[in-house]
């Protein structure tokens, strides 16, 4: 749900072992401190006995500052209940880095959304292992940083990581970035690196999925956005979309038609992330949206 | 979500003016009485200041009987907060009547689901204005009642209504029933009569929508399930589905392909209703599922 | 396209090496013999230099009987051009056997289509390795044959094969038949055995795909209909469909929702086959429809 | 199907009264003149007795120049058979004008496709009734022409029309252009002006369809691309797409999610037009693709 921007909102994401009284305690806590709940979605995975919750409230009359909230909520509820939790405020604008290689369609799509103000996000940098898309970045007034990726990836990733930290990056988007990140980078951004893969995973992982799809003669092709983990194309899936294809579609057609899926599925994943709608547990996502 | 059957569950549906503390009060009430919340979905329509909530709990250790719940919940919460609410128990099996005319595909689909135990529902009667589908009913051991619909509909509807009451019918499903119900019947079953219309409403209301779709040259056709209100094909929409079509599809093809949509969309609406996932406000549905 | 039944139609399917003048020769041949072409679809796979064509004509004034057509067309065109081809007449009603195990939803769906006359097909027998669905067959007046499948499958398959031949079966439909056919059976019915697999292949082949889909946390589930080859779940794909799912969908939900996909995708494959719209080459289908 | 660019191709579109021998004559004509048919799709609308055909051939060894083709084909076939027909060559790059107002998403999407070379088209001008998108045009090096639309539209449309002719425009794309064209303009570009409407027509024509969709409580929203005729939002439909929505989607959400549909459906219509895959008859399209 799109919230109106003129309201100060807080969003709390909770993941904990299931136990009685969780919704009551949390909603009571928010209510007592002057927050009016706008949206609450909660789910219990009974086979795993896990509790997931997302709650958003109008915080214009909320009586706790962020630091106070942290202390009080941790003390009163989170620690006793053994919760993992995150608090987000609509007043804080997240910072996103975009990694690209040579293909531009996902980058164009993201920049178009930035230009129309669709997302509440800052993009201080576009990173690439090639120079090709530098003019696009320049045209939009965004810093472009090119890193030569050497054979062991390490030295450049160290610089990339330093850049991410210097720029206080919250979220990294791999917009058809054709390099595999090292575990070092991935571990620094757990569930904060989004990749787009051009197949309906787990079918056709790895390279050249449109060729494989054509070879297999599938009647649908797809795209998958997921958080990056150290296992290639195996991270928690955020969104997937497909389109029907036919024997008339050559590999070039699949590639062309797939680009539209990639743009769509990547942008929807970014949206969910920026709206703080995603919880990850056991390599699966819970998406409250 | 499919709940396991071996657990006693209660489901509470709430619609009320929005106001602070609602989630906290209700969840606290359930918790205090020994209910462990399994699923809570809540939504505020801010433009209308309306609060919608569905909560399901494991009631195996709940300490209130139904009548006690009614009294206590009404007194403590519902009346002070000006709530409309419904309580459902998984132990009560709803009773559904199916109305048909001559076309059998939706009926066959429903009977197939009954046979495989997909739905927790009793079907004591199939009602029709024609004799054609009597053998189908008989084959499945379900009573078949034929009513001649006279020109003013009234006398027969009176008998139909009496039958519905005799049989303690909770839900009426119009499975391609080609008669328009009178307000008298509709008023007795508010938001408890589900119809399937063979177009993506509001396009092509009324009769012969596949002919109209062909004439207009649309590239998608659809089906819509909705609660019946006194305005034809204008009740609250529960579900819709579409399929892509092409110039090669004649009216006969649209009719054939549309049947698959009708079966799907009607069965999904019945599922939502039987799972108590639907709230209606202002001629729109909120579906928590 | 649904053809009207009151017209005698012939359908010719052609697969050959690509070469100039193929469409001209074939269409000229049909025209010269009094056939009025109603629908012609043609496709060249340029990477493989293969030519595919389907042509349907009104044969009410066609001046060649079937045997004459065979001789003349082979002599004049097919042999010189090195074509594979099949001729089908709307006057011949294909004969289909349905193989089932215990799950009934696909069988119910097929029987419902037979009852409404959606398909032009005879079903002389339902075959099973279990007795469970015998009452369903009996209710519809169709012979039910149960075969105990022993450990090596062979003795019973020999009997099944004999039955198929006795009954002049053209098409075998595996409607959630939980046995793997031996190459012996498969070789006798090349591209004439249709299976439904409950995943979007090539993802999740083999058993328990809904469990695997849940475990992987996919956001879409699917079903695939394909011709059976000796490699499990790897035959030419005829049709696929998917539906979006969420974290709330348990394995039981995926199974329930998947059933609707299975019914749809299997019935669409049968439709394409009965309409003679499918050509197979190199383990892929070309579907003219 | 995407044709490889290194081959000279000709595409012929034919619309005529149905009569025997059409496919044979046309394919024979192409074959005799050295054309190797790559793709032929043909369809007879039997209820209207109309014949539609699209045929593409490798013209690298074709022995007729364009003017000769015109004369010979007209004389030998088209005139005797009373055909309407169009011949297109892959060597000729069509010229497209884009009309916009203030909303930029469709324009951005089109420009992104131009930049990646997805389409074989020239865009010499972007036309608008507002100055807002001039910077976007300038950034891509495309001439931007602003026309104040006065109350009767006429004087400016005269200038627009003159500009279209000066620039030899073949196709006009209304990329969320918020003005209604006069019949004068429309008549000069029959079936050569493509509009995107933000609903699944015929539902919600006119202005503010997302508001109407929200008000009606539909569970799907859509977008429709169509050729512009003098009747508002009633021209021949080229493509449609929909997405499922829920009660949580506010009008702002529908608008946001609908933008993705608009981009997709408009670009697919442009693709079909540029590939010469569209025939129009009786306010409906036949799309061979």
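Think of it as A, B, C and D in the order they're written, each chain with its own count starting at 1.
Note that in this section a contact is a pair of C-beta atoms (placed from the backbone, for glycine too) under 8 Å apart; a residue touches a chain by one contact, two chains touch by 3 or more.
This structure is a prediction, so every number in the text was calculated from the model and none was measured.
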Higher-contact pair (C-beta pairs counted), A-B versus A-C: A-C
From the centre of chain B, which other chain's Cα mean sits the farthest off? D
Expressed in whole Å, how far the mean CA point of chain A lies from that of chain B is 36
Between chain A and chain C, what distance separates the C-alpha centroids? Give it in angstrom. 42
Check each residue of chain C and list the ones that touch at least two other chains. 4, 39, 43, 244, 248, 250
Taking the touch rule as given, give the residues of chain A at its contact with chain C in the complex, in rising order. 43, 45, 47, 52, 200-204, 216-220, 222, 236-242, 246-248, 250, 283-287
Residue numbers of chain C touching chain D in their complex, please. 4, 20-24, 27-28, 30-31, 36-44, 46, 244
Under the stated contact criterion, what part of chain B meets chain C in this complex? 1-2, 4, 39, 103-105, 108-109, 111-112, 115-116, 118, 139, 248-250, 252-253, 256, 259-260, 264, 267, 289
